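Chain lettering (A, B, C, D, E and F) follows the sequence in which the chains are written, and residue indices restart at 1 in each chain.
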């Protein structure tokens, strides 16, 4: 079996940003994404219900270059005012050429 | 503390396949798995409600050999007709001998 | 863009432990965490509904030292009697100094 | 009432308007979103409630009255998928898998269309027979089996025939509808009285909420219209009319009332979107879900809800002359 | 009605049939699945509604009428876990942790069994006293405390005693039941009138849906029967009969009506599966959940729902002769 | 009834008591937790039901009767955010973004406060006009637009003005409230009759459950009180009184009944926590959510629910002398 090593970028952010982030990721080159409803806590306090605004986790398998772009984009546009964390790590993907 | 380095295999697939995949993973040697309801989008369009068929994420910590088997199995049986992605990366597991 | 390489510790445990684990993680040095409702199966059987007690997945991006402490803590206090798995892997984090 | 008044009354009923509101919400990209578990809860409630009421009514229906309509319904469940398959293959527009998939959907029945038709009849003074839900249960399964049989007989398939059969028979819509029916039958009209405020009085309101959600889903489906093309739009409007007329005629022939025959027509004309998609996805994974979901949810369902149902009632009234 | 007719009437009531349907759905491996939030929503609704109705009734009950039954109930909540613990230890089948865990479950009460018993009484013309939900609240907590005390006194434990106590007292079933009770008490019968259509009329129907889910859960539990062994099956049937008879007798002795004493018997015989499991998992993590969940959900609950409840009514009628 | 009796009757109504229970559950750290989808389902139901009833009533209201109150309401929706903004800026306690954010919340309306006020009126024999829900829809949007305009005119902002406008207009509360209203209007009183058991009879009970959840949320907010400081507490109590009195007076002036003017006062005094937070988070991300959520949910809402509503009724009665 042949794998391609790509990057899995994970963003956890306020749920209100979900649609906007999804669209922007696509524009930045992501070919697909997986979304999970999550709750959490961090420097901006507890985010655990629709009242406080829960969080969403967006994961996307992308090429290292796209990963770089996504992380820079999120840092630039969302770090200042929104509850958000972003990180990445390499994963071995089957049929990996589909995602670059 | 002593760790064992194993593989975390992640499959995101149509929810309708959840039970079948779980069973097959067990047959292929997975000792346990964790399942999350997710939504997503990819080459087969948006999968974000029960109408369209949402997705499920199946994660399993397994030995590298089992990881290899699982990924080959999924690629062979599901890639052609179903919405599915599969990838793996190494993780350090406490009490890791339990999972191989 | 400058990253810091930290550890993402993942704990999957009985949902009844969610609050207790969150608090203990914070005491052990975690600056934030992300929580997902999950189901699963493992050596302690199927955990897939509120009746059986479903699971929760707690993820935290922390320094390697804190990761070490968390994993040791979970192993010592929860492995014997509770359904739980814990593992970790390195991730590249933007604005990473925030989490150590 | 004049035909046009009746049509208007239908279009201004809360359930149709709720559907339209759902479409609008989706078109203006509202953040209104039904949690998945609300949709599931409502569908569990509606299917079980239909069965329960139908079973309680059936417990008071003599077998001889029920037998004719029952046989006719099963016959329609066998004939309509064959019609649908042949139409699609002979016009050379769909390969075997997709034709069989669509046949399974158009042979089976949409529970919501059934309820809407029933409500329409009650409102217009032409109520259907109380045992109708039993016919829904009878109509649901055969078509899916027939359509999959056609597909599997004609060529080797990627999916699993047995898994699909299990998916239909043990599927949630059959379990809830049939289960509710048997419970209603065993408990009888008196027996279900304590649960009536929940399952009977609340029914139409819950249905209204459900249609709001369906409007949003149907609108999302409409975005795929370009992909599926004009052919499928025509198919999704014309075949239901043919099936509907057939159903009305057969119901009348079996001695059903105007309301009963019209509701049977609506059932026969409707396309399944709960039982069929699940079974087809497993048995015919190579069929494209965009085709069958868009046709049944995006085209046929709205057509029946707005224009089809009044039409089948008009046909039934005309046949009864 | 003759005893057998009554038994049959019970078995054919929608709530029992819904439970059976749930078991069947699970056995045929149907894809029917209640979303977790539907289960949670229903249990919130049911517990709060029981409390509310009970509180409103209690507001019209003189203290002197309520006092006897209340004291008797608390006494039963203390005695029954001791009985259960001793049975399990003396037959040498369970270690301390597991015996105490089971004792906590069998001393406490299952709200659904209570409701089913109440409904049974109403249907058969022997309604229980209106203040019964207050007794449920009184019966829920003591047994868990007693059982955990036994466990902690006898040996050093892995779990935390205080955390467990908090888990019971601030647990959702106590908060909802007791909270609803106090609200009903303060608002009074007139005060809760505006919310009656929701909390009172809808109650039995919501319960029916809940039992459908419980049937599916109980059936999954039954798969563990082999693990738990015949001993636990016998325990799960015989102890409830003993506890139930004790409860009926004590209720009668305290001057309760036939219906009231029988419902009290059903409550005492029942095993908790909301409050107790949560507290026990925290206080006695070394106890095996398979034992106490299978016994209370898979054995005792179905037994009481089908045969136990009519039996306790029969005993109550016989004691009243 | 005497004023104090009325106050007490309000405090002992199930909806207020349910709110208090929620606060207690949170304070004792109960594990009671509403699944997110239950909260969402309830809010969808409540908003749609308010609209539906209001629309059906409106269909029977002559335009000339409705016009005055409607204009007055829109005027209040424009004036109150300006008042709020100026109070906050002139007392020099909030920067522009935070002042505008709070102004958007206090100019808009809380649907639950509206319902509670309406229920209070009905119980005390001073029902409000049936068309009130139409006023809620009219009051919801303007304030948010005005407040964001102030913010965007005064300085360059981080957020997007268009995105925020879309968020309000296509937001779920406007879609459900306005959508329900139009459906009720088109279907008319007769048309919505079949769905009344679900949307009308069940309403107060569903509201009670919703308030239980709101109590838990408000209590969590209270933990942030120290962060927001005494100034915001005073603001969250005094401004509603001013706005409320203004609303009652304007309503009376427009010819509304005592109940109608008082309910309008409660609406005007209330602070939004569904439509406004979503729009503000997008348009003014630099404003601190802790301020506006704590003020509207933790301070103003409980104040209005317990003391404010009776106060506005007292003012209305006094103005009508």
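The working rule: contacts are C-beta pairs under 8 Å (C-beta built on N, C-alpha and C of every residue); 3 or more make two chains touch, one makes a residue touch a chain.
Remember, predicted model here, so these are calculated numbers, not experimental data.
Q: Moving step by step between touching chains, how few steps can get you from chain A to chain E?
A: Step count on the best path from chain A to chain E: 2.
Q: Would you mind telling me which chain pair, B-D or D-E, is linked by more contacting C-beta pairs?
A: By the number of C-beta pairs in contact, the winner is D-E.
Q: Starting from the Cα centroid of chain A, hunt down the chain whose centroid lies farthest away.
A: Taking each chain's C-alpha mean as its centre, the farthest from chain A is E.
Q: In whole angstrom, what separates the CA-based centres of chain B and chain F?
A: 46
Q: What whole-number Å value describes the gap between the mean CA coordinates of chain A and chain B?
A: 19
Q: Using the average of all C-alpha atoms in each chain as its centre, how far is it in Å between chain C and chain E?
A: One centre to the other, that is 35 Å.
Q: For chain B, which residues are shared contacts with two or more other chains?
A: 36-37, 89
Q: For chain F, what residues touch not just one other chain but two or more?
A: Only 35-37, 40-41, 197, 201-202, 278 qualify.
Q: Among the chains present, which pairs are found to touch?
A: Inter-chain contacts occur between A-B, A-C, A-F, B-C, B-D, C-E, D-E, D-F, E-F.
Q: Taking the complex as given, what residues does chain A use to touch chain B?
A: Listed in rising order, the residues of chain A that touch chain B are 1, 3, 6, 8, 22, 31-36, 61, 89-95, 98-99.
Q: In the complex, go through chain D and note every residue touching chain F.
A: Touching chain F from chain D are residues 12-14, 17-18, 21, 24-25, 28-38, 41, 119, 123, 197, 201-206, 208-209, 212.
Q: Quick one: which bits of chain F touch chain D in the complex? Just the residue numbers, please.
A: 35-37, 40-41, 44-45, 48, 52, 166-167, 169-172, 175-176, 179, 182-183, 186-187, 191-192, 194-199, 201-202, 278
Q: Going by the contact rule at the top, pick out the chain B residues touching chain D in the complex.
A: 14, 16, 37, 45-46, 49-54, 80-82
Q: Inside the complex, what are the residues of chain E that reach chain C?
A: Residues in contact with chain C: 36, 39-40, 158, 163, 217, 220, 273, 277-278, 281-282, 285-286, 289-290, 293, 297.
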